[in-house]
Each structure stands twice: as C-alpha cells, then as structure tokens.
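Below you'll find the structures, each written out as structure tokens.
After this come two complexes, each holding chain A, first together with chain B and then together with chain C.
== the complex of A and B ==
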C-alpha cells in the first residue's frame, strides 16, 4: 500500500520549520534572496529548495487572513515526469515516492516540461547539472521513519500515513467542520491521484493550485506510444508492398515493350 | 561559372568565421553551466535549441525520406537527380539535431544511456532511438557518393544490394519519430493551448513533415543550382511542387475536422492573441501554398516555385515554434527570450552544416550524379521505346 501525506492548511501556522528540516536532511545550501514584499521566502522552489510554504492573502468568512500551502513534489500516482523520462531516471515506487536516479539522467529536462505542477528543477549553474526535487524522504521511509518535514511540523498540519487512510481522515475533518473547509481534497482525484493531499479553507484556485482534471496527463502520450509497434509493422509492410507491385509493373511493361520490339524485328 | 566558383570562398570564409565565433560559448557552458550562456530557467527549461534545432531541424530534414521513398519505392526515376542532395541535407539536418542536443543536454556524455535504459512509455525515448538509427541509415544511404568518389566497388555493391531495405527502414523510422515529436507534446495537456493540443498531434506532425519535405527539396535545389551552377529540369521541380497541395490539403482537413470535433473551432476567433499565430500558420504555410502550387504559371517559373516553397517552410517553422514554445505556457512568472549565445550556437550549427554541404558538393559526386542519372534515364527511356 502506498504512503501519503495530508496537509491541512487550517492547522499550518506558516512557521516554515518544514523548509528548514528539508534543507537539513537533504544537506541543501541556503539561497541568497532579496525582499520581494512578502513573508514568503525564497520566491520559488529550486534545485536547492525542495519545499517551501506559499503565502496567500485570502478573504475567509469576510475577514482577511493568510492561508498557507506547502509546495513540493506531489508524488503523483501517475507521474508525468516518470512517463516522460526517456531513460526511466524517475520512477514511481510502490511505497509512494517518485524517486530519481542520477546514474541514469542525461539532463534532457523533459520531466521539467511535463510535470503539471512545475516541480523538477535543474542545476543551471553547474557544469555537470542534475535534476533535483523532493524525494519524499524515500531514504527515511526505507528505515521506517516519516519524512523530515512531517517529523518537524509542530502543529500536526502534516500527517504521514497510508494514502487511503488519510483520505478517510480528510473526509471526516471536512464532515466535522464543513464551515472551516471547502469540500474538496486536492490530490484525491487530480490527474489520477496524488500521494500528497491537501485540505483548505478557501478554493484551491485562490491558492494558486492548477485546476486539473481527473484523467492522468499521461494518457494521450501513452496511447500514442502504444500505437508505435503496429504503425511500425504497417508502414514497413505497405512500403514493401508498394515497392514490389511497382517493380512488377515496371518489369511487365518492359517485357511487353521487348516483345513488341522482337515482333517488329522479325517482321 | 568560373567566376561563381572563385567568388564562393568569401561566403565560405564568413561561414567558417561564424562557426569559430561560437566556440567560446561551448567553453563557458562547460565551466559555468547552461544558465551562464542561455536564458533558460526552471520556468522555461526548453528554448530556442529545442524549438529550432530539434523541432524545426527534424521536420526540415523530411526531404530525405520523402524523396527516397518517391524515387526508390514508388519508382519515380525522374526525381533521382534531387534524391541524393536531399539525403545529404537530411543527414546533415540530423547531425545538427545531435550537435544541438550535445549543447542542450545537461549530461551529453551520457546520451548513450538512451540505448541501455529503456522507457517504452516516453515519446522522447522513441525520438532518441529513431534519431540515432535514422542518422546511421542516412549515412549508409549517402555513402555511395563517397564510395563512388573513392572507387571502392565492393562496399558500393553491398550498399546497392541493401538499398531498398535501407530506404524502407528510413521511411519507417521517419514516420515514427516525425510523429513522436508530436507525441512528446501530448504530455502537456494543461500547458499547451487547446488551439494546438489534440490527441492527433502525432499525425499532424507527420503530415506537415511530409508536406515540407518536397518544399525543402525545391528550396535547396534552387539555391544549390544557383551556387554550384548545375541545372535541374524544370519539370522535376514542377512535379515536386504539384504534390504539395494534396499533402497540405490533407493537413488542413485534419486540422479543421479535429478542431470542430473537439468543439474548439470557436477558439480560432476568441483565443486572442495566440489565434493570430494560428491564422498566420494556416494562411502563410497552408492555404497560400495550396493555391500557389496549383497554378501552372507558378510551377513553370523556378522563381515563383522557390518562393512558394519558402512559404511552406516558414509556415512549418512557425508551427513548430508555436507548439514547442509560444503556445506552451511556461511556469507562472516566467518570460523567456533566447540569449545572444543561444542564437549564436543555433546559427553556428547551421553554418557548420552549410560548410559540410559546400565541401560535399566540391569533393563528392553529387552534381555529377545528375548527369549520370539523366544518362541512365535516357538509356532507360531508349530501352523502353
């Protein structure tokens, strides 16, 4: 059964301890940033920032408030990045994490283009660059630990567990206080399901989450790839057929001409 | 004739200078990373190199497989004189793609990983495998020119013996990866504008590549006949031109039916400003050439034929830029315009290919081939009558 994390925006206080814990566990350097006029920092995820808290100023029940969301790889159930990667450097594990193998990657960046959440990032300033993104602490999970961010969260806004159990918990929370939550678990159905699930007091569009359908983004590409073997055989067969027919026709018209010539000569 | 050849080295010098001028970019890239020479970023990870060198490069090399199919499979000997130059340009086109990838990839020295780590679901895996194999096929298809020159008769005979299987392999590989460049974009249903996103993108890519193949052949042959001074019969050119409206007609039909079937036809009026690009693509690259190539007066004039071919090419380039860059939404807050060095590398690579074409025309029997092919044709014609 695959693991997941439930993030509850109503419990998050925006302390960003998860951001720090992530940097520590993954040994990522700090980023030099400038003041952009918000409390949010750094401005974007990058090759050295796998997760961050995003601040939204929203109106909730007629009063102004901050709504926080945690950004990181969603560890999709049908990850676009893994389907896109030509060398299968990104793979969905059955435990949940979408993991990356830098022994395979050659840096084409298709995963970056394909991910509907804009998550994989690239080391643009390195002569030998790799893709970097949240690992779901696959190394910790393997040792029976929860992810570093979940471990450090002081309010229980992050909850780690079986994905199916988390969906039940989320539904219970919405049912218990329907005035505090929008009736939508982001990640339950989006693009075929995400390992990371979200609860929010305001609609997810307002938080900058992409509005996505329930169909995995990979279906059309996978269908097209499935058509490759039959197309290969068909084109080869048609071309060979055409060639043989045309050869035969040319030969026949030639022999006919020759016959004619012969007749003329004998005459 | 003599003057032409004399005046030529100046052009060659300029081209060589361009190639040398972009070498520093490579050095900077391998010292300070891709970010130092390009405006690419996490928000826009693919830029000019992918749109121009990969997407346009592969499509514009389609002259190779279309002409090879027409001559060797459909048995239209008449077009033999333009087949070899077309195969040469295709071969160079693919080398351009590979060279550009060596700049664009983060870890180009691991490019061979595509051969050992397979991901059957990835359209880019298919592109990688096809580009590699097809480049080899093109090299073999072109190799007779070199063997003829060196008078190596044994390898020449071997290649001649497997010529038809080679051409068929070339057609199959081209079909697959021209279309799989379209499949690559299928992965981005949320980012690519619905004016362009459709499950039949692979088919549209294939059809437009087949249409631009002959246009490229007209384009190159006209230029090379000016530069190198060998003549190609107007009937050959006109014959190639006559095929274009049919293919573009199918392309147009596919596009319109698809938009209507998905209920997105209205977008061509409402999706401002992207719809302007859509209209430009359709009018410049599809409708105008359909009309022009259908006119006998156009087909009889090599100048008009040339400019009509240019329209098809411009339309295709526009289309490939639209789908792989302009109509493909970047991550929020990203604006991208290629950097000077990105342009320099793209231009340098094209100049590089031109240099090889010039050398090949000088050293190898490409032009002579016309004479001999015409001779063959004459002989055949006499045989037949």
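== the complex of A and C ==
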C-alpha cells in the first residue's frame, strides 16, 4: 500500500512551521524576500523552497474566509514528470514518494513542462544545477519516520498514513461537517490520483488549484515536446544545450574527488 | 515587572516596616489576619499566609546565612525597602532613568528599547544613564541604542557593557511555565565564543563585589559582605536548585516540604513555594520524565513529569472542585476525590490534606481557598485601586469624546507617564492603532529576526488595514506607509486586507490599523519599532502598559 498525506485547510492555522521544518530537514537556504503586501513568502516554490503556504482571502456565499493551502509536489499516483523523463531520473516508488535521482538527470527539464502543477524547479543559479522539489521526505519514510512537515504541524492539519485510509478519514470529515467542507477530496481522482490529498472549506478553484480530469497525464519525451507550446520547447532545448556545455566545461575543471561522487549517465 | 514581591509572593518591604512583625502585620500575612466566616458548613480557615514568618525567615537565612540571627531580626533590615509612592514597574523605571534617579541598569535578556511602550522615550532615557549592562544572546537595540539611526554617538555619555550569554540549549537549569511546572533542561552544546550562562556571570560579578566591599565599614556594605554566597568559582544550577528548595540546618538535609520550614532560623529556603522540588530520596524532581498518568481516573495530570509548585500540586484550589463530602462536582473530570473507606484523598495533591468538610471534626472543617484569610474565593478583589467592580473606560487616547457605557470617560486611577508622552487628539490622529505579534517573530524580534528561515517568512515591518481605509488614503497593497502618533512616526509596508473592517462606533466610521512590533535597528532584518507609537499609560493596579490602543494616522510614504 502507498502512503499519502491529508491536508485539511479547516485545521490549518497558517503558522508555516511546516515551511521551516522542510527547510530544516532538507537543509535548504533561506531566500531573500520582501513583504509585497501579503503575509505570504517566499512568493513561489523554488529550488530552495519545496513547500509553502498560500494564503487566500476567499468569498464563499457572501461569507469572508481566510483560507490556507499547502503547496508542494503532489506525488501523483501516475506522475507525468516520470513519464516525460527520458532517463528515468524521476520515479514513482511503491511507498508513495516520486523520487528524483541526481545521478541520472541530464538537465532536460521536460519534467517541468510535463507537471500539471508546475512543481519541479531547476537550480538556475547553481553551477551544477539539478531539479529540486518536495521529496515526500523519502529518506525519513525509509527510516520509519513521518515527513518533517507533518511531524511539526501543531494542529493536525497534516496527517500522514496509508493513502486509502486517509481517503476514508477525509470522507468521514466531510460527512460529519458538510457545512464546513466542500464535497470534494482534491487528489482522490485528479490525474489518476495524488498521494497528497486536500480538504477545503471553499471550492478548490478559489484556492488556485487547477481543474484536472481523472485520466493520468502520460507524456513521453517526444509528446512532451509536442504537447507544450513551441516557444517552451525551444527555450527548453536551448537551455538543455547551454546546460550540457556548462556541464562539460565544469566536468573538465572538476577535481577527481567530485568525479568519484558522480556517475556519468549522459554519455 | 514583579517589582512588588520577593520570591514566593512575599511582599517587598516598605520604609515603614521596622521589623518582620510590622511587615507581616502591614501585608496581612499574619495569623492575626485570619477571619472565620460565620454560618457556613466550613468552620475553619487555614489562612495559609499566616505561615509567612517561617518563609521570610527561611529566605533571609538562605540569603544571609550565619549573619542572620534572631537577635538581628534575621537581617530583615538588609532588604531593600521601597517607597510606596514610587512606581517601580517598567514605565516608572524609564521615567526614573530620565530623571537621573537611576544611574546604572542591568538588562538581562530583555530589550526595553523595543519592548516597552513609547520606545523613543525609552531610548532617550537610556542616554541619561551613567552605565548600562546588556546581557543577551544577540546584539539588540538596547545595547546599540547609542548608535541608533538619527543620533550622534559622541553626544551620548552612557558607558555600555555587552555580555554575550548562553542560550537555553547552552546551559543547564530549570524553566517554569505558566502551569507552574519547573522543568529541568540540560546543556546540549557549548556556548559560542565568550558567551557564558547568566548564572556564571552573576556569580563572577558577585564574587568581585564581595572582594571590593570586603574592607568597607559603611552600613550599606553589610548586605554584600554578609551575603551567603559560597558557590565557588563555578556555580552550578544544581547547587542553586537545592538552595532554592532549602535545608534543615540542624541535620544539614534538604527540607521535604514548606510545612517543615521554621521561623527560628533553623531552616533555609530560597523560595518556600519550591520546597519539595529537590529531595534527599528522589533528587531533583524537576528532572523527572514520567510519562504515565498515575491519576486514578486518568484525567491527564502526568504528575511524575517534572515537578510543579507547590508540592507537585498540579491544579491549585483543587478542594473547591469537590463537594462537602469530597466528591467531585464534575465526575467526568475529577481532580481529587476522597476515599472514605481508607480516609484518604486520591488524585492530585490536595490543597491542604484535611478531610472534606462533612467528614471533619467540628472546628477543623477547613474552607478551600487556603491563601485567603477567610478561606473563600472573592467575587471582587477589594484591594484593587479602582475596584471593586470592573468598569469599562475609554483608553487615554480615544476617538470618542465620551464613554458610551458610563459617565466617566477615562480610568481615573490609570498611570499616565509624564516623560515624552504627548497625547494625540482625534482631529489630527483619527485612526485607532493597536499592536500585536505575528507567529513568526517573538517579542522584540531579537531571537527571530536573526534567523534566516524566519526572516524569509516575514522580512519586513508591516501594518494591516482595511481596503476602505487604504482606498481613502490612496494606499495600495505593498506600499510603504507612515503611521504617526503624537509620540512618533514609523515606516512600514501596508498589508491591505479584508480581515480588517472599519468599525462603526456611535454612528461614526472609525478605522483601525494593526501594528506589528517585532522590529528595530539591530539584527539581520531591520525595521521601525511599533512601540514608537504606543503611550506611557499603565493599568491602575499593575502599570501593565496600554499597548493595545492609541490614536494614529496613516499616509503613503
């Protein structure tokens, strides 16, 4: 059985302890931010921010609501990124996490284009850039621990468990308080199901969630290129080229020490 | 903050307290104060404060050791005595500094240049000191007040000493929470650089003071010379914990309970309420980590986790939770219950071990509120200066010209500061300001504004306001704005939100501005301090500052 996390926006208080816990566990640096007139920061997910809380001032049937949403990789049951990746650097594990292998990735970033949630981020500012995203704390799960963000959540807004069990819990919650929840578990069916499931007091479109079908998104490398706007393909292709050149140049100047640590997969 | 008490809620002596007897009489902590209420089921009041002589004598024995004897009233006259007419709380202290009455100030882990009201006044008052010592884990605004923006350091004569201290993970000791548990913490890592635990700094300073005063024959040197201070070069929190618990001087053993304290000078205790935290049999009970709830009905007391003052009693006044037969009023959440078969209380440590009123002998039917002379709770505290019944007043700065609920507009007993404390009028300052915290920053921000992960979340000083007010002033979300009061101006980012709504009061629209107060000119994330706006106004009884309401205005920067 596969693990999942249930996020309940009705229980979340927007404390963002999960954001900090994620940075702490994954040793991610702080971003230089400024207040742009909201309580939200950093402005978006990035290679050094795997998760963030998005704040929405929503209007629901004339009732004002301040609603929070946790953003991170959804760890799809049938991840589009994995199907798009030509070198299988991204893989869905049977335990739940969609994991990424630095050693396989050659930097094409098709996964970025394929992901229906726009999750994978590229370390543009690094000399040796890789794709970065929420790992579902696969390293913690492997040791029998729950994800760092779940562990730190003070309210129970994040719940870790068997995905099937979480769906039952979510259904019970909606049934017990139909006036508090919209009758929709986001992630139960979207693109064939997500490991991360969501409950909300307002329709998910209002929180910025994409409206998606129930069919898994399968994108092979060629289709990835065909399905996305040509300009993106062109940018991606150029950046891939740039990346490969950069990578080769760096490889030449790399110490033997570094070479030992990296398995060459691009040849 | 707690300028009115010594450890264990013993009152601070005043000038007219000639001796312990007079002191106890004046403060009502005397057996004479006992009142037996008539016509009640209970016929006795324990008036526990009637034991206060044992506690003050044991405290003086702990502090002055062999020098404290029955003949010299246990050195009672070594204690500092206050003038009841002077306000010694935070606001009073800042004003006294301004008047040159305070020459030197020790600031331990506090940041009055940001944390108190009327920050501009507090910063100016720091400049009147001869010397200032700041002990903190970070460089803070109080330590750097002399080079704050807008001042010329060469014009400030205050000599500033900065002592880096260990943070809680870098030292051993106990921490008491508001549920009264004293929990022991261990040192995890060494403090960085020259930082030291505050306890060690105090020890070194005291040893030096004793050396400096050793040959001084003036009477004011006596309390320092006679101070019982024998921790050696390296003081430990463990030694202090034992001393706070107290000893029986006839046996040299730790006292087991405050019931064992005596008023004849044969016992010591640094704080009678902490007697029992350290015992000969069990050692340091604050370090206990029992995770089993031993309460017979499992109400979640966890009495073997750490230790709780007094006597590990987790819920005080628990005898008020039972009826006259000792049975809980709330059977689902019984704190204590009386087992008639074995004639014993079960559950939490009872507030006085006497049997329940119906089971007790005549003349020993003790009423439950043991710290009150009459043994009863009070619907109003008749010792409040503006009591006995609570009243609603308009704040010192109010947009209204009258009190809509009663005839008197302002609290006639409130403490109103005189120093740099200009009062604004609604025609110039039509908005109501209030201050509060965000989740990500803590107090004056010095512990959080230096942590990159928290600064990333909340980088800048901001204020919150309604869409209506923003529209009136041409302010857009994210604009820099100036919030002004009669006492000062601050710059902040505007967070325009529907969470703020204009208030309609007496038919008038009044706008409210929410002001965060965690910022200052020190540390990694800098910004203006919200308390530049707040007035020197204090609660009539405690002088707790009126941070929560003042008049202000806002405009685009």
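Note that in this section the second predicted complex is superposed on the first by the 215 of 267 C-alpha atoms of A that agree within 3 Å, B and C clash if a C-alpha of one lies under 4 Å from a C-alpha of the other, contacts with A are read in each partner's own complex, and residues count from 1 in each chain.
Simple rule for what comes next: a residue touches a chain if its C-beta (ideal position, glycine included) is under 8 Å from a C-beta of that chain, and two chains touch if they have at least 3 such contacts.
Given the structure is predicted, the values throughout are model-derived calculations rather than measurements.
Engineer: Kindly classify A:178 by the partners it touches after superposition: chain B alone (first), chain C alone (second), both, or neither?
Structural biologist: A:178 contacts neither chain B nor chain C.
Engineer: Quick one: chain B or chain C, who's touching more of chain A?
Structural biologist: Touched residues of chain A are more numerous for B.
Engineer: First (chain B), second (chain C), both or neither: which does A:16 touch?
Structural biologist: In the superposition, A:16 touches chain C alone.
Engineer: Would you sort A:44 into first (chain B), second (chain C), both or neither based on which partner it touches?
Structural biologist: first
Engineer: I'd like to know which partner A:64 touches here: chain B for first, chain C for second, both or neither.
Structural biologist: second
Engineer: Using the superposition on chain A described above, determine whether A:33 touches chain B (first), chain C (second), both, or neither.
Structural biologist: Touch partner of A:33: chain C, not chain B.
Engineer: Where on chain A do the contacts with chain B and the contacts with chain C coincide?
Structural biologist: No residue of chain A touches both chain B and chain C.
Engineer: Quick one: in the complex, what on chain A touches chain C?
Structural biologist: 14-16, 19-20, 23-24, 29-39, 41-42, 57, 64, 66
Engineer: Over in the complex, which chain B residues touch chain A? Could you list them?
Structural biologist: For this pair, the touching residues of chain B are 29-36, 40-43, 45-46, 69, 72-75, 101, 104-108, 110-111, 113-114, 117-128, 164, 167-168, 171-172, 175-176, 179-180, 182-184, 186-191, 199, 202, 328, 331-333, 383-385.
Engineer: Within the complex, which stretch of chain A touches chain B?
Structural biologist: Of all residues in chain A, those touching chain B are 44-47, 80, 83-89, 104-110, 112-114, 116, 118, 121-131, 208, 210, 212, 217-218, 220-225, 228, 231-232, 235-236, 239-240, 242-243, 246-247, 250, 253-254, 257.
Engineer: Inside the complex, what are the residues of chain C that reach chain A?
Structural biologist: 438-440, 452-460, 462, 476-479, 493-499
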